[in-house]
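As written, the chain order gives the labels A, B, C and D, with residue 1 at the start of each chain.
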Amino acid sequence: MLLKHTPEEITERKALMINPAKTCQPIGAMYAALGIKGCLPHSHGSQGCCAYHRSTLTRHYKEPVSAATSSFTEGASVFGGQANLLQAINNIFTVYEPEVIAVHTTCLSETIGDDLPQIFDKAIKEKKVPEGKTVLGAPTPSYVGSHVTGFSNMVKAMAGLAVKSGKKNGKVNIIPGWVEPSDMEEIKRLAAMVGVKITMFPDTAGVLNGPLTGEYKMFPDGGTPIEDIKASGDAIGTLALGEWCSADAARLLDTKCKVPCSVLDMPFGLQATDRFVDALRKVCGTTVPDEVAAERGQLVDLISDMHQYFYHKKVAIFGDPDQLIAMTEFLVSIDMCPVHIVTGTPGKKFETRIREITAGMPFEVNVKAAGDMFLLHQWIKNDPVDVLIGNSYGKYIARDEDIPLVRWGFPILDRQGHQYFPTVGYKGGIRMLEKILGVLLDRLDRDNPEEKFELVY
Amino acid sequence: MLLKHTPEEITERKALMINPAKTCQPIGAMYAALGIKGCLPHSHGSQGCCAYHRSTLTRHYKEPVSAATSSFTEGASVFGGQANLLQAINNIFTVYEPEVIAVHTTCLSETIGDDLPQIFDKAIKEKKVPEGKTVLGAPTPSYVGSHVTGFSNMVKAMAGLAVKSGKKNGKVNIIPGWVEPSDMEEIKRLAAMVGVKITMFPDTAGVLNGPLTGEYKMFPDGGTPIEDIKASGDAIGTLALGEWCSADAARLLDTKCKVPCSVLDMPFGLQATDRFVDALRKVCGTTVPDEVAAERGQLVDLISDMHQYFYHKKVAIFGDPDQLIAMTEFLVSIDMCPVHIVTGTPGKKFETRIREITAGMPFEVNVKAAGDMFLLHQWIKNDPVDVLIGNSYGKYIARDEDIPLVRWGFPILDRQGHQYFPTVGYKGGIRMLEKILGVLLDRLDRDNPEEKFELVY
Amino acid sequence: MGKAQKLVQWSPTDIKEKLLEKYPPKVARKRAKQILINEALENSTPEITANVRTIPGIITMRGCTYAGCKGVIMGPTSDIVNLVHGPIGCSFYAWLTRRNQTSASGEKNENFINYCMSTDMQDSDIIFGGEKKLAAAIQEAYDLFHPKAIAIFATCPVGLIGDDIHAVARKMKEKFGDCNVFAFSCEGYKGVSQSAGHHIANNQVFTHLVGKSETEKTDKYKINLLGEYNIGGDGFEIDRVLKKCGITNIATFSGNSTYDQFASANQADLSCVMCHRSINYVADMLETKYGIPWIKINFIGAEATAKSLRKIAAYFGDQELIDTVEKVIAEEMPAVEAACKDVLPRTTGKTAMIFVGGSRAHHYQELFNEMGMKTISAGYEFGHRDDYEGRHVIPNLKVDADSRNIEEIEVEPHPELYKPRKTPEEIQALESAGFEFKDYGGIIPDMEKDTFIVDDLNQYEAEKLVELMKPDLFCAGIKEKFSIQKLGIPMKQLHSYDSGGPYAGFVGAVNFYKEIDRLVNSRVWSYMKAPWQENPELSATYVWE
Amino acid sequence: MGKAQKLVQWSPTDIKEKLLEKYPPKVARKRAKQILINEALENSTPEITANVRTIPGIITMRGCTYAGCKGVIMGPTSDIVNLVHGPIGCSFYAWLTRRNQTSASGEKNENFINYCMSTDMQDSDIIFGGEKKLAAAIQEAYDLFHPKAIAIFATCPVGLIGDDIHAVARKMKEKFGDCNVFAFSCEGYKGVSQSAGHHIANNQVFTHLVGKSETEKTDKYKINLLGEYNIGGDGFEIDRVLKKCGITNIATFSGNSTYDQFASANQADLSCVMCHRSINYVADMLETKYGIPWIKINFIGAEATAKSLRKIAAYFGDQELIDTVEKVIAEEMPAVEAACKDVLPRTTGKTAMIFVGGSRAHHYQELFNEMGMKTISAGYEFGHRDDYEGRHVIPNLKVDADSRNIEEIEVEPHPELYKPRKTPEEIQALESAGFEFKDYGGIIPDMEKDTFIVDDLNQYEAEKLVELMKPDLFCAGIKEKFSIQKLGIPMKQLHSYDSGGPYAGFVGAVNFYKEIDRLVNSRVWSYMKAPWQENPELSATYVWE
C-alpha cells in the first residue's frame, strides 16, 4: 500500500494538514499573469517559490514557463525587498523586454511588509519602467486562502488596470476563472457562436499549449493584450465565471468603472453551460444559433443513451471550489452520486452551495472546505466509491483502494490532454462523460465474470 | 479465458475463417447512403440483412438508423426480386417521403441476377418515383471484397450521378472514405480553414451524431444534398481519401466528367494530414493559415514531450486497409512498433503498402490482408504487444492476454466518443496519442512496484 | 415534451385510422387486419392476421430465418461449433450480439460461444459451388478444436446454388466418427420471419440430438425448460430457483445449453414451455415420441414465477416438493415485495407499450402489472395467431406458401424410449382438478378493452402510436430504441435487455422494478430544451448583480 | 532546425561576449566572472566565481535552502515524519516531486514518503506566532503515526516571526520519550541556493542521528555512501553491485535511507563520497569524530563504477575482496560493452551541454565520453569553487555574508566512539601507492580547451548558448526542458531523469546509452516544419493523378 499509515478511523485534526487539496497563493497569481500577452510574472520573495511554481506549471503543461524572482537573501529579509525588486524590474525590462511585469508577493515579502505600489512608483520615477510598459502587482500572502485566492487576486489586479473612457465599447468582459487554455479557447468559441464581442482575461490559450516549431518564444502569441484589459472599463458588463476565482475582479470593475457584473458558475456540465450561454445572449440580445443547440443536444443525447451505466454510481471528488460546485451539479444532474467532496480552499460558502446542490438526493454527502486528501481517503475507506475525480495526487488513493481516477483539476502531472481538449461547455461535458464512462466500463470489462462479459454497452 | 480454444501454434487455414476482421458489402453501402441528405438506404434482399446492418450501425452510433428492405421470400428468390423492389420503391416514397432512395444489392439478389438499372427504369416508367426524387443503386455482392468494398461501391454510385454542365464551379470534391461523422466534420473544418470550397460526399456528420431534442427526424439535417453530388461533375478536381474507400468514385468522376483526381491516404496522423492539407492549398492556390500550423505544432509538441513513453512500444492493430495504412505510418513516425497488422479486406496492395511503410524499421512485421482475428490472436500469443488497436471485438483478446485496447475502427459497440471527437487531422492525432498514452501509463500505474510508482510522467 | 399532456385525446378507431391513412390502399388493407383494437369479449377472442409476409419497403422490426435458427436457437449452445456456410456477413452479425449468457468457463468446459466461424464464400464459390470449401472448413474446425459436434448453417446463396450441406455434413460425420455433424437449411429468405428459423433449428435438434445420450438421469423431479434463452442471465436465475426447490432441469432449449443436455431431454418427466412461439411444437414432439407431457409456464414476473413453480409441483403431486416450493416462495417474496413497494409510488399509473418477439410482449405485462403500470399497446414481431388468440385456433390456421416450405417432421412413439409419464387416469385426475396441460390462451384475453394489439409493428406505426398515445415507456429492440428516445420517451430493449437482467424469477423481478423506475423517472427527459428555447423572448435589459 | 549547420561558427570569446552583451553593466561584470572559457592548463586551474547570489530578475535555475534541506537531503528518508512549519505551498511542492525511490513496501516497514504534512500556517499564526500550532501538529502526527522520529522544517516566515522551532522540538521529544524530534532552520531566504539547505540538513543529521544506534554492525567491509539520493533507483543499482562484491553499505546519505542507517553511520570503516558538493563536509566530520577516512568515488559511468569499486577494494586491501570486485566487473562489463557498441555509431561525435546540481554536471561527462559524445559546455546550479577547481582551493575560499549565516559545526573526536580505521603508517602506505584520500579535482581539469564552464546558468544564457553552439543534447532540469526543446534540441533532465533511470552502475550505464540514443536520434525533431512551410511556393498547377 502506498498510503498504508492512513487509518480508517477518523480523528479530528486542528493543527496538522496531511496531503493537502490546495497549495499557496503565488502559483495562482503566476498562472493568471501568464494569461496576459507579453507578460513576465515576477515572484517577490525567495527564489525557491518561483522555482517551485514554474516547475509545477511546467509539469502540468509540458511547456516552458518563464517567471522571475527577487531572489531574497537574509539581508533582504531583514531590510526589505525594495532594492531587489527595483533591480529585478530593471534587469527584466533590459534583458527580456516583456510588455508587462506582473508582480505577486509571497509569505516572506508580506511578512516583511514590502509595499508594492510604493516600490512601483519608485521604479517609474527611476525610469526603470520603459515608456508604454506596464507593471502591476498583487498581494498574495501564502498564509491566506489558497492558490485559488492568489489567482483571484492577480485577476483583480488586472481589473485594477481598467480605465473608463466614458464611451462603452459594446463588449462584454468575461472572466473565465482558473480553467485550462483549452477551456478558455472553448469559452471564446461559444461566445463567438452566440455572436457576443468579448474581452476575456486572463487568457492562457496559445500560451501554455503552444506548438513545437523550432522557435522558442519566451512570450508566445497568446494572452490578453494589456490594452484590452485596460479597455475593460468601457465594457457593457462583466460575466464572472466562478465566485472564488473571478467575482472580486468583476466587482472591482463595477465599483471602479461602473461596469455591471454577474457572477455565474463555471460552465462545466449541462446546466451551468446553459446558464452561461443564456446569459451571453441576454446580455447582448443575440440569438443562439442552432449549432449551439445541436452541441447541447449531443450532450443530452449521450446522457440519455448511456444513463444506465453511470446511474447511481458513487463519486469522490476533490479540487477547487468553483470547479467542484459546477461539476457536482453536473454529476447530480445525470443521477450520479457525489458522496465525498473536498476542497483545500477555505470558505463555508462552499459547503453551503454543495449542500444546496445535493439537497434531496438519495445519498449522504460528506463535504469539507479547508479539508485535505487524508480525510478524503478516510471517507472513502469508510464509504467506497466507484470513481475518484481530481488531480494527479489522487492516484495514490486510487491505487490503494482500487478505484479508477478521472484526472480533472490542477495539477495533472502524469497525463496529457487537458491543455488541448476542453471540459467546459457542451463539448467539454461530452468529454467528461466519455472519460467517466470509460473508466466505469473498463472496470466492467476487467471485473465481470466470463459469463457476464459483454461485447455491447 | 474467453478464447481458450485458440492455440499458440499457427496452422494454415484455407477454407475456415475464424473471428473475422471484416463483414460484408451491404453495411458499407448503407453507411455511405446515410451520408446523403434525405436518403433512405434500401437493402435488396432478405429482410435479415437489413435488420443486421441497422442493428450494427445503431449499436455503433447509439442513433436511429432507418433503412428499408425488399423482404425477399422463397418465391422472390426463385422468380427474382423485381416485384418486391418496385413495391418497395412505391411504398417508401408514399410513406416515408425521402428525397433519395439508395438501393444496394445482397448476395441473394446478386446470385439471382436482379438488374437494378432495369428495375429503376421500370419504376420510373410506372411513375413510382415522384418528380425530382432520386433513386440510385449499387451492386454490393456480399461474397466479394468486404464492407469496405460495399462502401466504395455506393460512393461510386453517387459519383455516377454527377453531371457535367461544362462550367466549373470552383469547388473541390472531397471523398472522405469510411470515417466517423466527427471526422467528416473535421475534414470540412480543415478545408474551410485552408479556404477551399468543397463538396464532400458522403457526409454523415449531423446524421449519425444527432442531438436529443424531443423531436425525431427520420431524415436528419446532415448529409450531402443530392444536388451537390450531381454538381460534383463541375468541380475543379477530386481529392479521394483512401485507395480502398474512395478511389473508384474519384476515377469515375474523372472518366465520366473529366474531373481530375488525386488519391491520398486518409488524414490520420501527422504526415498523412500534412499531405492532405498541402494538397488542399495547392489545388486552390490558397495559403495555409497559422491556426492550422499551430494545431499541427501542438501535435508535434505532444509527440516530442511524451516520446519516451511510446518509444518502441509494440502495437497490434486490425481494421480496414485505408485506415490501417495511415495509422501504421503514424505509429511508425512516432517510433512505435506496429508488429501485427491485419485487415479482413482482401488486397495484396495492402500488404505491399504496409511493407513499404515499415521498411527499415528495427522490428519484424506480421501483416495480412484477408486475414482474421484468430490469426492476429495467435501472432500476439507468439509475440506479445503493449497495445492493441481495433474495434470492440478486440476486447476478447485484450482481456485474455491482458493487453490494453484502444478502440478505433468499426464497429465500436461498447464505448462512446468516436462519433463526437475526430481522430483525423492534427487534433485527431492528438486524441489518438492521448488515448494510446493513457492506456500505456495506466499500465505503469497498475503494474509498477510501489518503489517505482510515479507521480509525474 | 409530450409528457405535459398525458391523456390520450384520440379514440381507438381514430388512432387506427391515423395509423393507416398514409398507406397505399393495398398496404392499408393488409395492415388493417394486423392492427386490432381489443374488445375484451367474454368468451370469444377477436381474430388477428399474423405470421404473414412483411410488406417490401415498409421498415419492419423483423429479421430472417437464419437469425432465428443460428442466432436464437443454436447460438446459446456452448460446446457445439457453429459454422456458417456463406458470405462473411451473416456469421459476423450473429457474433456475440445477443446476450445469451453461458457458464462454461474453466479449463475442461468447451466454449465456442465467443468464436465466429464461416466459410467466407467468395464469388468463385458462388459460381462453382461451395461444397468443397465447406467440407474443408469442417475439417479445419475439427482439426483445430475436436468438438463433439459441428453445426452447419446455410445462408441465402447456399440454397440457390444448390450446395447439399446435409450430404456434406453426413459425409464428414462418418469420416470423423467422434463428431456429430449436422446442418440447417435456414436460408434467410425462407418463411416470413425468425419464426421459421426457430422451427428449422428445433426440428434438427430434435432429430440429431435428442435421445442420443447414454448416461441415465436419476434425479427425482426432472423437467425440460423449453424456450428460455438465458438473455441477461434469466436462465441462471430460473435454474437457481428450480435447484432451490429440488427440481432438476435436464435440458434448457436452448439457454446456457450443452450437447449432452439436448441429448438427455428425452429423460425428463415434464416439459415446461416458456416461449410458446419458438418451441411449442417441440413440446408436442417430445410427448408423442417419448411420452413427456408439457405445460405452459412463465417465469417473468414474481407472481407468475410462483404460479409456475406451484404448477410444476402440482404435476409431480408430491407433498414434499409442494412444501419445498411453498417454502422457497415464502423465502423469496419478501425482497420482491419490498422492492415493489419502493417503486410503486413512482410507477403506478404509468403506461407501457411492448413490441417484441413471440411471447415476451405477453409475459412482460405481468411485471408491469406488478408495478401498477398498464400496457396500452402490444404485439409480436414474429408471433402466430395462436400466440395472440390462444392454441384453440391452431387446428384452423391456414398454411400459406411461406409456411408450407418449412419442414414439418412427423414423429411417432419411440420403440424403446417412449414411456408415458402419467396414466390416462392420472392425467384425467389432474385436469379435472383444474390442471391445464399444453394450454396457452394467448395475449389478447389478458389485455384490456381498447388496448392496441399490432402484429409486425413497423417504424412508421411505432412513431405514430407513441405520438398519439404518449406512453411513459416503449419496449422493443435495438433498431427501435433511439428513434423512440429521440421523441423523449424512454425505451427499454426486451430482446437484449440493454445491458440489464436477469429479469426472470424473483431476483429478476427486483432488477426489473429498479430498471423501469430508473427509466420512467429519469430527469434526463427534462433536459431536452435549452433555456433560450423555453423562454426565447429577451427581457429588455439583462439583470446584473 | 539548426541541425543543418552543425559547426560552431563562433569563437569562444565571441560567444562569451554575446552572452553578456545585453546585460546591464553591473550584471555583465558579475556574470563575466561566472562564465569561464576553459584553458585546460597543465597544472593550474583557472578561477571561477561560484556560490554567489543570483541576480534579482535574472531567471535562474536555482531553488532555495528549504528545497535543499527538505527536498533533497531529508526527503528520501522513509521512516522519519517530515513536518513542514509554514504556509502550505512549501510542503505541497516538495511532495513526491523528486524521484528519490524507496524500498519500504510491506506491512512492517514504515514509509511516510508519500505523505505531505504541514502546519498550513494562517495569517493569525503569522501575527500571533506559530509555536502552539506547531506543537499541536507534532502531537497529532505522533498520535496518528507513532513514528520513531519527526523532523520539523522552517519556511521563510518562521524565522521572521521568531518561532523557536528547536525549543518546540526539544519539548515534544522529551514529552514523547520514544520519538526523536528535531528541527531544521532552513528558511528559503538563507544562503544563495539549495546548497545552504544541504549543509543545514547534514549538520542536523550528523548532530541528532549519527551515532545514536546501539546495534553493532559486524559485517566485514563496511562503507557509507555519501551524497547518493537514489533518483530513478541509482542507489538500488549501486547497492546491488556493492552487495555482489560483498561490501556492506551501512548508510546512504540519503537515498532510500532509514533512521537506523543514519544512526549506525559511525560504524562504517570508509566513507565514499558521490556528490562532493552536497556532503563532503559530512565526510570530514565523520573522520574527525569517529575516525572514518573518506574517498571520492563515482558510480556514474561503467568505467567510473569499476574504478570506484577497485578503489574501495584497494582501501580494504584484502585480496579476497579485490578478487571478488574483479570478478563482478568481469561479469557486468560485457552487457555494458555490447550496449555501448550498439549505440556508438549513432552517438559518436554528438555534443552535449550539462547544467545541473553540484556534481552531476561533472559525473555525467563520464557516460557521454563512453558514448563518444563531447560535453562542450557545463556548469553547476549550486556548486562552489572547489567543485569547479578542486579541493585545493578550499582553504582560500572567502566566506561572504550569505555563507556566514549557515551554521558550521565544530566536531572533535568522540570520547568512546572515535577509532582510527587505519594507522598513520597504513594511510601513508596507501597514499604512497597512489591511493588518494579525500581528493577531488573538480570539473574544470576534466573538460577540454575552449569548452564553456558557466556557473548558475540562467534561461537567457542557456538559449543563447544553444543558439550559438548548437549542441545535440542539453541536460538540465524540468524548468529548462521545454524552452530548450522548443528550439528543436532534445533535452534530458538530470535531476529527475525524466521518468528514466537508474543511470548509475553497470545497468544504469546501459539504460543511459539507450536513452541518449533515443533522444539524439529521434525523428521527432525533423517534423517541426510543415510541407507548406518548407516549400511555400505554389506550383502553377497541382499535379493530379
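The working rule: contacts are C-beta pairs under 8 Å (C-beta built on N, C-alpha and C of every residue); 3 or more make two chains touch, one makes a residue touch a chain.
Here the structure is a predicted model, which means the values were calculated and not measured.
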item	value
Pair exhibiting more inter-chain C-beta contacts, B-C or A-C	B-C
Euclidean distance of C-alpha centroids - subunit B vs subunit C, Å	34
Gap in Å, rounded to a whole number, between the CA centres of subunit D and subunit C	72
Centre-to-centre distance between subunit B and subunit A (centres being mean Cα positions), rounded to whole Å	39
Rounded Å distance between subunit A and subunit C, as computed from the means of their C-alpha atoms	54
For subunit D, residues that touch 2 or more chains besides their own	96-97, 105, 482, 485, 528
Subunit A residues counted as touching two or more neighbouring chains	1-2, 59, 62-63, 210, 212-213, 293, 296-297, 300, 304-305, 393, 396, 450, 454-457
Pairwise touch network: line, ring, star, complete, or other	other
Interfacial residue positions of subunit B with respect to subunit D in the complex	237, 251, 254, 260-263, 270, 274-275, 277-279, 281-283, 285, 288, 293, 296-297, 300, 303-305, 307-309, 311, 333-335, 449-452, 454-457
Touching residues on subunit C, where the partner in the complex is subunit B	1-2, 22-24, 27, 53-67, 83, 86-97, 105, 107, 110-112, 114-123, 125-126, 133-134, 136-137, 139-141, 143-145, 155-157, 159-161, 187-192, 401-402, 405, 459-460, 463, 477-479, 481-488, 528-529
Residue ranges of subunit A touching subunit B (in the complex, touch as defined)	1-2, 59, 62-63, 206, 209-213, 293-298, 300-302, 304-306, 392-393, 395-396, 398-399, 413-417, 420-421, 427, 430-431, 433-434, 437-438, 441, 445-446, 450, 453-457
Complex contacts: residues of subunit B adjacent to subunit C	1-5, 7, 11, 13-20, 22-27, 42, 45-49, 51-56, 58-59, 62-77, 84-85, 87-92, 94-96, 106-108, 111-112, 141-144, 146-147, 210, 212-218, 344, 374, 393, 396
Subunit D to subunit B touching residues, read off their complex	96-97, 99, 101-105, 233, 236, 482, 485, 496, 498-500, 515, 518, 522-525, 527-528, 530-533, 538-539, 542-545
